[in-house]
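Look for chain A in each of the two complexes below; its partner is chain B in the first and chain C in the second.
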Partner chain A sequence: MRPGTKRLWVPAGLVALIVLLALLAPLLGLPDPVRQDVAQRLAGPMPGSPLGRDEFGRDVLSRLIWGARSSLAVAFASASIACLFGTILGLLGGWFRGLGEFLAVRSMDIVLCFPPVLLALLVVTLLGPGAGTLIMVLSVLYLPGFVRVTYAEVLSARSHDYVEAVRALGASAGRILTRTVLPNVAGPILVQFSLAVASAVVLESGLSFLGLGVVPPAPSWGLMIRGARATMAQAPLLLLWPCLALTLTILAMNLLCDALRDAMDPRTATARPRLRLLDRVLPGLVPPAPNAEAPEAVLEVGGLTVEIATPRGPIRPVEDVSFAVHAGETLAIVGESGSGKSVTATSVMGLLPPAARPVAGAAWLEGRDLLRLPEPELRRLRGGAMAMVFQDPMSSLNPVHRVGDQIAEAIRAHRRGVTQAQAWSRAVDLLRRVGIADPERRARAYPHEMSGGMRQRVMIAMAVANEPKLLIADEPTTALDVTVQAQILDLLAELRRETGMALIFITHSLGVVAEIADRVVVMYAGQVVEQGSVPEVFGAPLHPYTRALLAAVPDGDAAPAGIPGVVPQPHAFPVGCRFAARCPHARPACEAAPPALEGAGEGRTVRCIRWAEIGAEKAEAVA
Partner chain B sequence: MGWAARRIGVSLLLVWVVASIVFLAIHLVPGDPAELLLSSGGVAPDPGAVAELRDRLGLNLPLAQQYVSFLSGVVRGDLGTSLVDEYPVLDEILLRLPRTLELIAAGALIAVLVGIPAGTLAALRRGSAFDRIASGLAALLLAVPVFVVGTLLVLVFAQILRWMPAGGYVPLAEDPWRHLTLLALPALAIGKGLVAVVFRMTRASVLDALSRDFVRTARAKGLSPSRVLMRHVVRNALIPVLTVLALHMGTLLGGTVLVEYVFNWPGLSTPLLRAVEARDYPMVVGIVLTISALFVLLNLVMDLVYAALDPRIRHA
Partner chain C sequence: MSAAAPPLVEATGLSKIFAAHGVFRRGRPVQAVRRVDVSVARGEALGVVGESGSGKSTLGRLLLGLQPATEGVIRFDGQPLDATMPKAEWRRLRRRMQIVFQDPFGSLDPRRRIGAQIADGLAIHDLVPAAERAGRVEELLRQVGLDPAHAQRFPHEFSGGQRQRIGIARALATEPEFLVADEPVSALDVSIQAQVVALMDDLRRRLGLALLFISHDLPVVRHLCDRVVVMYLGRIMEEGSVETVFRAPAHPYTRALLSATPRIDPTRRAKRILLQGDPPSPSNPPSGCAFRTRCAHATAACAEVVPELRPLGGERQVACIRAEEIA
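Moving on, here comes the complex of A and B:
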């Protein structure tokens, strides 16, 4: 059973009970709901009348149950009529288009011009009160909902390949509509139907309350409340019972509607991770001291492990990751999707989603451990000493603010006393700096008015606004055209040369690495598998995964070799080497125990128990 | 501003269609208004009187001619006179419409002041006790019909506690304090459904905004949490909230009928109900037309506001 369906049973059961009571009213042996007995006027509970008598001495319980009958009869009748005609109109309008579409669909806009109660009052004026009038008005009111749902579904079905195919085979319109469209539209129509019934109960009771709906002495909840109002000082309970019945019925129906909608639309039902604006701070473990051998590093990450709480238990998408980046240096982090590159970067920035948290390790920036810094101090570093450029500049810029304002905001967040005018003129300078022509005018533009490349330039301008010591670029060119990619890479390299900042460049493209980076960290399944200078790693890769990645790059005439298999899921990381299952050099020993990260010469590390052996084999093969 | 001009044109067209439909509905429905007006208690009216009334109402003229004079009257702002007391319909509307609008505005104010902060907090503390209680309360408020809430408010605050008057109206200029105490309960009754709607929409919309990339960018810039919340989350989340609020305020234009009835608030609906009972056609047509035109106007204004809030729409 899907999780959404559990919420369905309680309200469904309640609604079913109410409907059943209403249907069985004549069989329950209740006193006549309209028989008056003035002697028992406003009498309290008595044998045969557990809820007492009303202002005319009629039995309250009996009137409640019979009232449900008339409310529900009106509601179901009008919803059914609206459903029938609305679906037909929607089908015809969607299928035949043209004039039919205009008449069937656009005419509904007119119904929507009238506030519902008003339309009902107008019709009641013309036709006089009564259940028949009510049903007619309510079905007209709910017609547009059904027409729209069906119409939208037909339009989308028309464009489906299978419908095109069936049409090409000469199937008749009626056959296509009933066979392919109706089954698809059944779910949304069911939701619409439940909404219409719930809403009709409300309107019916309201109109009856005004004396314009069900005609007395027939029992109706609205009429009962109307009657009890006069005597509410003497008999407040008389007022409470129908109010309670009405509210309970509508509440159950509303909940049923919500549950139905969730069941029909899985997008709203899936639980999203909890979101919170403030990140949790790492529990106060004693942080490892920064590496004394590399004191000049701008950022030094040591043993970083990130844990994410999932419904299936905690996972570790990043485990024991260490690297350092120095001033003026470009470090590339490379790996397939799911290798933990972005999680590493976002944990350094302190931007992990709340479900994720670093559980071990440290990240030193200018002598401070980012993972244990309180949020207010971390905030001062974000956008200041360290900045980040994200993958998709369209979604990463706020669509409702001018780009100049978004850059100025970054400046003012870190410099007290800077006026908006000063920040704006600095923003214009920055836009000029990142190569945007006519920056004065462009600063006033909204993100949607710019091209993808220009938007990414804006993101970069925003990131370098406060002259960061460290810039993390998370696949900044992936969402861009190839020609624009090269320009953005050039811009980043240029900015790094000029400012002497350290640049961490996250990518899955080895071509980009060769072009821009000094050193490279290769990640696989949450771990660093190889690390070294770009010429060395590219010239003589030590880890089989690095080798496979390099072989997968199209290079001249040689056909690129794919890597068989996929990156394992964090739920299913193997005990031993995580690449073993896809590795051509795997031995049983590889899968027995986790391989350690071994030193392999000056500034090089590799996580493979056979790297020396394989290297020797390769050397032999070449010789 | 071609977009705005087109939007205004469509709105005018809709008002014309509504006016025509109301006119035709009254004239094409079987039954002679004059005869209906004069008959009482199932006794057939005097044919002479009917003929005279038909003449006075212009019902003997061809339909097309009646339609043209009706439309030209509407354009000139002349909605005719009441059949009951010969009072000009427009004057009656101008007297009472502000009272109805005041009620709706007060309800909307309550909804915005309570619903938006509560919805934002519920989204930020998703799954917390506050979120669960507030969401449950919103579901309950949505389920209680407005006249039930109104009647119960009268029962509790006027009948049992005797804190508030049960209903009535005093002009603001006459006695401001009394005016506000009389406004409180009906505004609360109107506000109850709006609060629930605004709360739900704000919560969903803030949750959606929180998960957006641009919020991550805002945080990556080192903005303070309050600035991220106000400028990047709530600012973006408010657009759908305002739309929904406007839509519901529109439905309220007719929906205040029940509240005005319960609290004896002399807004537009009192003459409407009276006119419905008395079959006072010019009055019914005038009020329905006014409210529908306001409804269309409100949608138009909201579209324009929406465009000001979300720059993407202006270019769509």
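Moving on, here comes the complex of A and C:
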């Protein structure tokens, strides 16, 4: 069963118990709830009356259970009526727009203008108290809530492609509304239903308390509270029981509806990973690896392994990843989604989500291991010695501040004693440097006033503001058009040449790698499978995956060839070579043991036990 | 493509203007598509390329009648598409044209099993008796390379590439003659992209589909399509056979677009023509030629009159007054 359904049992059982008790009240052999016995007035618990007697000597337990009948009947009836009509009105208003929308939504606004209790009081005073009147009043009161929720959900649902797809299939409006839109807006409506029932129970009790609801001597929780109030000094427990019943019912209702909504959504099948406190306090890191023999590298990552705790057990989206990047060099990390390239970058920056942690390896920047630095020191490095540019500049820029202020802020965060005016003029210089025309005026613009390409330039200006030694760019051009991408690639290459910073460029596009990078790291399923200089790796790929990836890109005259199968999930990484299942050269030996990363010439490594053999075969085939 | 056969889909003078929203209608109207003539023959694959804001997606939706055109006439198999047509008539036409979307996550209903979603088209048009629908769904799944046993699964249980196959199966269920594919592989990884492109190529040849393939990825269009239309700010800049347009682009914008595409093979890399700035907003397009603000060859004459799409030898048309001069 899905985990969502397990959470359903407790609240569902509780609500079922309450409803059953109310329904079965006549069969429980309870004393008559309206039979008075003045001799036993306000008596405490006694045989036959476990909760005692009230101010007229009536049995409290019996009145409580019979009272649930009227309270719940009124609440469920009114919420159901409101839900039915509200959903229909909301669906029609949201789908057909125009006049229907106006009538459905605006008429509800009028109802909303009346204070709810006042409206209820008015109607009850006019029509006289009683359960029927109550149901009518409460349905009208809760109607606008349902209309508005449904209307808003329909508006957002109708913009989805899957609704457009059913429209393209020629479905009628009725079919679309019932089969496609309704199931997708059902979650919020259910929540609204739980809120309406809970608040109807309270309002019913309140009105009965005021003597405007259920008519005495019929039992109701509100009437019980009203009665107990008068004798509060003599028998305080009498007040407790109906209040307890009210609270419990409302709590159970709300829990049930939350659980229902989760269970009805097939997408919430996997629960969010829970964060283990232990992992936060004691990151289980091995002692730092010694700094290797390449001291001139700006960043050196060795044996990096990242673990994420999930409900299905820990997974390792990045395993044993090593690479180095030197000053003035561009290193590309390329791989498909799920290859672990972004996780690698975020762990170097110390920006991993809480559930993930590095469990092995080291990342050396200027003699310091980034994986073991305390957060305050990391913060000093981020935006200082190392900076990052993200894929989506809109969500990385603060929408409520001018871009000039944001760049100035980045400068002042790392340099004490810089005045706001100095930082601002430096920000303008930086904007000019990244190719923004009219930088004085543009510095005063907000992010939403700029185009995607311009926002990415601002992000780059911010990243290079403190002359970083290392710039990590995570898919910086993926969201941009090709002509704008070409501009940004040129800009990054130019900045790197001028400042001598090391650039790590993360991308899924092999074409971009070929255009910008000196060296390339090819990742597959969390591991490095090949590494070397770009002309060598692209000219003569050694790993079958690199070769297949290059063949899959439409470039030149050959038709692109897909790679059969899919990338394995981190939960199900095979023991041996992770590419074996999709590899045309796989042998039983490949699946037996994990292949090691082998050296293959100057600055070149490959993770394949058959690379030399395959290379020889290829050479033979050509000859 | 014989010129004699009448096209399956033909649009003339097609325009789409999105009115400004808000109480005071302050914003300018967005001119998404402006006086476009386009046609797709039976069995032909027409590529539509352009950057964001070029109007290529709107064009696809207009041709399917999913959005009403502001101006112009669309004919499907000789019959004009008209919003006032009887509903039954529309439904009959709907069956014959379908769409595949870009986003493999948003295009499937997350709450329904994929088998039921594929069967929707069969049920709506009553193509297959209810008892035989499951069998037809299995057949469709097999056709797009999926395990027929997976019909009872929910969309979230599939990878991006598999979902895109499901979307294609849903579109093929009604046995359409015309398929609009709106960036169907843009959200996929390269290795998966090539699989889906190969599938679409195979299906369209086997089923004789007329295909309108919308993409910003020029190399993919080159491999899949017979003819290509290059759009910029809602207008067609160049049109012709894929061979001609890609080998010898005539419009300065086509050239810039081709040269900006990153290439793996360094020997194929053309001299980069770096365009300045961003494309202008479709709500405030420049006068005259839409591309002139970013064009290295623009003259004063370019600002004066909107260049007409004119034939330029062979099966090619171009909307540039200086096409011959700058060739």
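Operating definition for what follows: the second predicted complex is superposed on the first by the 470 of 623 C-alpha atoms of A that agree within 3 Å, B and C clash if a C-alpha of one lies under 4 Å from a C-alpha of the other, contacts with A are read in each partner's own complex, and residues count from 1 in each chain.
In the analysis below, a residue touches a chain if its C-beta (ideal position, glycine included) is under 8 Å from a C-beta of that chain, and two chains touch if they have at least 3 such contacts.
It should be emphasised that the depicted structure is a prediction, and the values quoted were computed from it without experimental measurement.
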{"item": "Contacts of A:Ala600 with chain B and chain C, given as first, second, both or neither", "value": "neither"}
{"item": "Partner chain(s) touched by A:Ile189 [first = chain B, second = chain C, both, neither]", "value": "neither"}
{"item": "Touched partner set for A:Leu72, first chain B, second chain C, both or neither", "value": "neither"}
{"item": "Which superposed partner A:Leu260 touches (first chain B, second chain C, both, neither)", "value": "neither"}
{"item": "Which of chain B and chain C A:Pro564 touches, first, second, both or neither", "value": "second"}
{"item": "First, second, both or neither for A:Glu409, with chain B first and chain C second", "value": "first"}
{"item": "Which of chain B and chain C A:Ala297 touches, first, second, both or neither", "value": "neither"}
{"item": "Which superposed partner A:Val520 touches (first chain B, second chain C, both, neither)", "value": "neither"}
{"item": "Residues on chain A engaged by chain C in the complex (per definition of touch)", "value": "160-162, 164-172, 175, 179-180, 183-184, 264-267, 269, 336-337, 437, 451-454, 481-487, 489-490, 508-512, 514-515, 535, 538, 548-550, 552-556, 559-564, 566-567"}
{"item": "Complex contact set, residues of chain C against chain A", "value": "51-52, 64, 66, 87, 90-91, 94-95, 97-99, 101-103, 106-112, 117, 120-121, 124-125, 154, 156, 159-162, 167, 170-171, 173-174, 189-198, 216-217, 219-220, 222-223, 256-257, 259-266, 268-269, 272, 274-275, 277-279"}
{"item": "Complex contact set, residues of chain B against chain A", "value": "14, 17-18, 21-22, 25-26, 29, 124-127, 139-140, 142-148, 151-152, 154-155, 159-160, 207, 210-214, 216-225, 227-229, 231-233, 235-236, 239, 250-255, 257-258, 261, 272-273, 275-276, 279, 284, 288, 291-292, 295-296, 309-312, 315"}
{"item": "Residue ranges of chain A touching chain B (in the complex, touch as defined)", "value": "109-110, 113-119, 121-122, 124-127, 202, 205-206, 209-210, 212, 222, 225, 229, 232-233, 236, 239, 243, 246-247, 250-251, 254-255, 272, 274-278, 349, 351, 379-384, 387-388, 390, 392, 395-401, 409-410, 413-414, 446, 448-449, 459, 462-463"}
